[in-house]
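This is the structure I have questions about; it appears just below.
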Amino acid sequence: MSYTMDALSSTLLPVGLMGYVAGAVAGLLFLRRERLANLFSFGCAALAALCGVFSCAHALATGAAGARQSFELFPSLIPYVRFSIRPDALGCFFGMIVSLLGLALSIYSLGYARGYYGRKSVGVLGAFFNLLLLATTLVFLADHALFFLIAWEIMALSAYCLVSFEHEREETRNAGVLFFVMSHIGTGCLILGFLLLFQASGSYDFDSFHALGDKMPASQRNAVFLLFLFGFGVKAGMVPLHIWLPAAHPVAPSNVSALMSGVLIKTGIYGITRVCFDFLGTPPNWWGVTVLTLGTISAVLGVLFALMEHDLKRLLAYHSIENIGIILMGLGATLMFLHTGHPALASLALIAGLYHTINHAVFKALLFLGAGAVLHATHTRNMEEMGGLAKRMPWTALFFLVGAVAISALPPLNGFISEWLTYQSLLQGFGTTTSLIRLMFPLSGVMLALTGALAAACFVKAFGITFLAQPRSDHARHAHEAPFTMLLGQGVLTAACVFLGLFPTVFLKVFDPLTHQLTGQQLSQQLTVTNGLVLAGNVSTTWSGTVSTLGILLIGLSLLTVPFALWLFLARSARTRIAPTWDCGLRGLTPHMEYTATGFSKPIRMIFKTLFRPRREVQREYDFLPYFATTIRFESHVEEVFLTRLYRPLNEWVLRVSRRLRALQAGSIQAYLSYIFVTLLALLLFAL
Amino acid sequence: MPLLTPILAAPVLAGLLCLLVPSRRVMAVLGVLAFATTLGLGIWLLHQVLARGVVTEWSEFFSADALSAWMVLLISVVSLATSLYAGRYFRRDLAAGALSPGRVREFFVLTPLFGAGMFLVVLANNLGVMWAAVEATALSSVLLVALYNRRTSLEAAWKYVILGSLGLALALLGTVFVYAAACKDSPQPLPSFNWSHLMRVADQLDPHLLKLAFVFAFVGYGTKAGLAPMHTWLPDAHSEAPSPTSAMLSGVSLKIALYALLRFHILTTACLDSGFSRHFLLGFGLFSMFLAAPFILVQRNLKRMLAYSSLEHVGLICTGIAMNTPVTIFGALLHMGYHALTKPVLFFAAGNIHQTFHSLDFRRIGPGVVKVLPVTVLWMGLAAVAAIGLPPFGLFLSEMTVISGGFAARQTTVSVLIVLALLASFCGILQQLTRILLGARKRDHPSDARRTDGVPAMTLLLVALLVFSVWLPAPLLALIRQAADIIGGPQ
Amino acid sequence: MNLDPLAIVLQTLLLLLLAPLLSGGIKNWKAKLQNRRGPRPWQVYFDLAKFLRKDMVISEHASWVFAFAPYVVFLTALVAGLMVPMLNLPAPLSLFGGVLAVVGLLALGRFFLALGGLDPASAFGGMGSSREMTISAIAEPALMLGIFAVAITAGSTDLSQIAQSTQGATWKLLNPAHVLAFAALFIVLLAETGRIPVDNPATHLELTMIHEAMLLEYSGRYLALMEWGASIKQLVLMTLLVNVFFPVGLAGPQASAAALGLSLLAYLAKLLALSAAVVVVETTNAKLRLFRVPDLLSASFVLATLALLSTFLFH
Amino acid sequence: MNPPAATDIGSQIITLMAALMLVVQLLMIGQRRLLTSIRLFAIQSLLLAAIAAVVAFYHDASHVYVVAVLTIVGKVIFLPWLLNRLVHRIQIHQEIEPLLNAPTSMLICGGLTLLGYVVARPFTSLERLGNNTLAIALTLLLTGFFLMINRRKALTQVLALLTVENGVMLAAVALTTYGMPLVVELGIFFDVLVAVMVLGILVYRIRENFASMDTSKLNQLRG
């Protein structure tokens, strides 16, 4: 039985891949028939994703993933290239993430794409959407470096096409180019990294790379590590390589933004995990320290920049940077534990990181879908023009709220679980070494706390300004609830959030084959106490720490009896009136009197002003006294340090040099002749 | 049954016939027929070469080894596509009054001759004849460059012919030196000047003389092949020539000059058996790659940008060959092929754009070409994706092959440099094309938009490219391997 | 290890009943120190009862979030309270979560409190939420660091375990780690419970108010829940301080009624001492400007870091 | 087979004429009137033909006579005539000021001559007849090259190109006993002819379009 199931699940995988291909083709076939294109391309995507979810989840649950052998999709005649894939545990885990999101997003897109009818070609959107899903899945499953690179580049290419889907606006075009250029520079590093590995092993098969690092000379090994860290860091949006992310994610169609934030940047995480824990062997200490530090910096800076945004999708994009940072903290800790020889603890940190990976995928996609629904309804991304949507689109508001609570790492939802695991592994890390390095663990833990608190602040702002209070513009006033498919898509992800939050002990089993593959440990038994209700965070007897979100929820609900009992006794006669908000005796509150997003984050802007360097311009016109202004125009900017201090100068320098060089080709034939002449003389002298 | 002679004869015949026939359409058909024939013969030649090693005719006056056969295929394909494209193209020009019928006839006469010249280059067994043939291609293409008779096109033609003939004079001196070294006292000169004979006696030749010969040949043919810093004529000629000619120039003509250069390289290496000539190729190849990038980055003219990208690809091919391992040479030859399939598409698309907007200046064309020429832009986009070395197209594979070969042979520095240069030009082309192709039209576009011009030609090339990217037929693979062995010496 | 319903009920009752008394007592003492008569300590009970009985006025702009928030605030404080050992070890819900869960739950409450403040579209509410979230954002690292210092020494994130280990032989009154961490957490306590010098609990309509600004639109039973929740939160934090740092008199598991009584007395004594300290600070200090508050909290952060370093030195 | 004395004489003659070619070259560098330059070129080609003839005579290699004849027909008679017509057609007789003034150019040419000798030294053994003919050939090539760089008029550039060609042919004659194979010779010959025609056509068109022959005005294509 289980054997046939396994066979089924392993056959389902290629079926899923074919499904994506079919979706892409369908999209192109029905270029002119947008309804059919929408239905078929996203329908195929949904089915394919379903197959993917099933086969990956099954492979992980039954541990079959451990045993899978690599097989060729189709033979190639180009030397060096093999189109071989192997759904091992790590691949399956990420494959599951992409398929899960693919499912939800495809359902959502069925409704979302209607917004493009008559304006843009839905077929193209669907085709590239399928292509992106396909390429991403292949990136996770590829078992051969060149095949990996091919899938990687196709992924980047289709992502580029999707980002510049609404290419009429210049902002979009520039964002697309920035994204593609950055990602390709990253790819260059990956190519070099793989080539170094290839030089050492003589083959491009991932098998031949396994634990290769131990055989390589240290210098080369470090070079490989740095190359991959850079290459994958770009894709993951690690500070300071993140600048493409807040530019590209907002301008893409929202279902694509969700896919990019949810899955695309996770390919970077996948790469780092694959390389560090599968290829490079036992790491030296500074690798872990580097990754942990970068992670911490990314987390804090990401959330700080997010707080300054009042463009809803840019805000979410910056939060992706933050969460990538949190994931990297887990991975960095893993590296350090592997160095000090604590495999169990390393596995715990790894689980924390990867758990946060899937969590972030789920809730960030959910939030982007919510933002998409809002965009769909109000046609603006500017939070200052929203407000009051909770009444007009209650379901979207509810889903977004769930996402917000989850991403703020608040119990009982999934963000809390993964950050809790991260805390546990960091705190236990303190005992693993006696060197001063161990201070890094609690300190980065504290930074994690800061990040969480700031994230909470940021999402109070995001949700409060967007959905609560009075509408700030006519768009918002006439907003309407999103169509059913869009809600369904969000619903799926919400369910996933709740499941991952309330039943971590169930989900933990998924990690067993994974940690077994990478660190030779299986922790799910150890981390589950009292018949699965409670999650434990300790891998050694010298530490203890438990949590149970489900328990907390149940107790909380049962304690609801207290207030309700009080109603019965005291407040049976109390009535409820709807009245205007108290307005200090003015003539009624207008939306202008509400607190704005910019105002909300001002205290933080002031506290961290050394980082933001805020500039503001106030123009007020008044008739007779400045206190009675007729109009006030307020403008405030914060500086994206890396952009203004690092990237722009670099770019300008390159352009300047290139313009100088153009003088070589100044049009004078005499000059050209003399180039040849000089070359000839030089070579003659050389040849003598 | 002669094989090489018809390959040469077919285009010459077509060219001469074009002098007589009245209608433009017939001339176009003639061109297509001629090159279709050569393509067929080329495929046959492929099998012959695989069977017999070297095919010779006219008492070894013509001879074709794997390398020549490979070149024959490239020339035929590109010329075929060009003549497919040319018909519609010139109908537009006539309609717009940009050209007189006489000039159009000039094109249809000269193009087959141009092709024939290139065939002669690769089929001639005798280095002197090879030289003469290269000169012939140069002269025939000069008039094509000057076809529009605009000031700029005349300027380009002038630079092309002056630099070209000068270079060829130097190449001739190189040839003379080789000859001097070859026939010390042998009474009957001709056979002793044959490639086959030269390779046999290579090790007895006077090394000093050969060194000198190679220097002159390198500068000479290098000028024609557009290696920096002798490349200065290249962007001018490519941008000013009518697009079909640009396609042929950058698609094959550069590679033909490179082929001539390679012959000398092989000979020198065989004689000196040292890296003397390799270092030249390596240095200048890398220099070309790195010089191309900044010019692409700040380029304002579409076809000039494409020309610089050709410069970069030629540089890559040189470098790959200079790395001198079987794999890298194989990759370089493969790259030659893929590039020959890609570049013409870009130039055809550029031609459509030029005829639609009457300019090649980015600021005049863009943004939003896609709104006017959707099909053209789609094909151009695909070709551009291929040209900047992205999968699934073959250039990615060939580049990876070259680089991997370099790494496998522990030539890490060179390979890293290659990767860097490729990155740079990628960024340039990507942002430039995005700027003009995508976006919304600012000003109202001309009504008579060429929506489907040249689609057959482009499709032919792109389909071929895609097919050969994922699946190389075994004989072709064998042929390229054999050619690689000829260049790298049998490892 | 399983749950003891009785303990849960008992501690719930204790939290519910003791919290109002504590805040009332503090109010009363403050008045006394300022030579006022002040309200009676148990006045707060009457207030709550009054609120519960009264009709509710709900803003026309408010959405369902406005109604949802009070429950969350109230329940999170309560559940968090059940994870902190009050009279005996272990705390009833110590299995369901340690200090991280407590902090998380309080943050959840704060999250909805702030949303509730934003919902009625009044500028006061927005201002309050903004400041509340800011201050908590910079208070949380200090809180965490202080807790980490003790958690690492105790080798657990479970409050009961921490208390136990500090109760054990290793516990010294003047363990520098503990002293520094306690100082740090005391400052955090002031910030979290909205006390002078961070916020002034006595104001009801000023541009300086933080906590009150968010409650401005609440009335009737929602207001009752909010106030009650706030006082429970205060009790929880104070309990956390006293029982983690001075676990004297904490009864062990399955303690007899007498032992529980004793530990109750000890507990009350400690609470009185701590609240006395709070009162003294409140009366002797003036409220800080908003942008001075970070300095205060960074001071507590430094203290916590020192605490951590000292553990490092004494390990 | 000729007596060595005869070969000796022959080699002397050849050396002399080669030297004369060099002199003519230098004169051209100094010269600014187009028609004179064309004549000088004719003389140079004549000398080249003569050298070929001498070689043919002393080696009684009949087909080298063909070379000599071709040179006379082509470079001494036809091309000068063609260029003359062109000059009359486009009404330009004076070369304008070169980029470098005469003394500097002379200095440079001296340097180039030196280089030519240095490069040619290892190969003196290969020369069948005359000594240092190869050196002179190289010098012709280099100075011709320099002439192209230094002059602005399109027509002068053509002439310079042709002198470069002469240098190459001299080298061919000097180095290879029997001259190049006939086929090659013919190929080269016709190529040169066609090249000059093409150049002529272009010069004519440029003259039409630019109302000038100044190549330094051809600088619209940049970057």
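Per-chain numbering from 1; labels A, B, C and D assigned in written order.
Operating definition for what follows: contacts are C-beta pairs under 8 Å (C-beta built on N, C-alpha and C of every residue); 3 or more make two chains touch, one makes a residue touch a chain.
Bear in mind the structure is a predicted one, so any value in this text is a computation, not a measurement.
Looking at subunit A and subunit B, the chains that touch each of them are D. Interface comparison, A-D versus A-C: the higher count of C-beta contacts falls to A-C.
Averaged C-alpha coordinates give centres for subunit A and subunit D that are 71 Å from one another.
Subunit A and subunit C have centres, each the mean of its CA atoms, that are 35 Å apart.
The centroid of the Cα atoms in subunit B and the matching centroid in subunit D are 31 Å apart. For the pair subunit B and subunit C, the distance between C-alpha centroids works out to 79 Å.
The set of subunit C residues that touch two or more partner chains is empty. Shown for subunit B are the residues that touch two or more other chains, namely 158-159, 162, 166, 170, 212, 235, 295, 298.
Listed for subunit A are residues 662, 665, 669, 673, 680, 684, each touching two or more other chains.
By the document's touch criterion, interfaces exist between A-B, A-C, A-D, B-D. Residues of subunit D touching subunit B in their complex: 119, 122-123, 126, 141, 145, 148, 154, 157, 161, 164-165, 167-168, 171-172, 175-178, 180-184, 187-188, 190-191, 194-195, 198-199, 201-202, 205-206, 209-210, 215, 218-221, 223. Taken together, the subunit D residues at the contact with subunit A in this complex read 99, 115, 118-119, 145-146, 148-150, 152, 215-216, 218-223.
Subunit B meets subunit D in the complex at residues 126, 128-129, 131-132, 135-136, 139, 142-143, 146, 149-152, 154-159, 161-162, 165-166, 169-170, 172-173, 176-177, 179-180, 183, 185, 187, 189-190, 193, 206, 208-209, 212, 235-236, 239-240, 295, 298-301, 304.
Of all residues in subunit C, only 1-2, 8, 12, 16, 49, 52-61, 63-65, 71, 74-76, 78-79, 82, 93, 95-98, 100-101, 103-105, 107-108, 110-111, 114-115, 118-123, 125-127, 129-131, 133-134, 136-141, 143-145, 148-149, 151-152, 155-158, 161, 216-217, 220-221, 225, 290-291, 294, 308-309, 312, 315 touch subunit A in the complex they form. Interface of subunit A with subunit B (complex): residues 76-81, 146, 149-150, 153-154, 157, 164, 167-168, 170, 173, 176-177, 180-181, 184-185, 188, 191-192, 195-196, 198-199, 202, 204, 654-655, 657-659, 661-662, 664-665, 669, 671-673, 675-676, 679-680, 683-684, 686-687.
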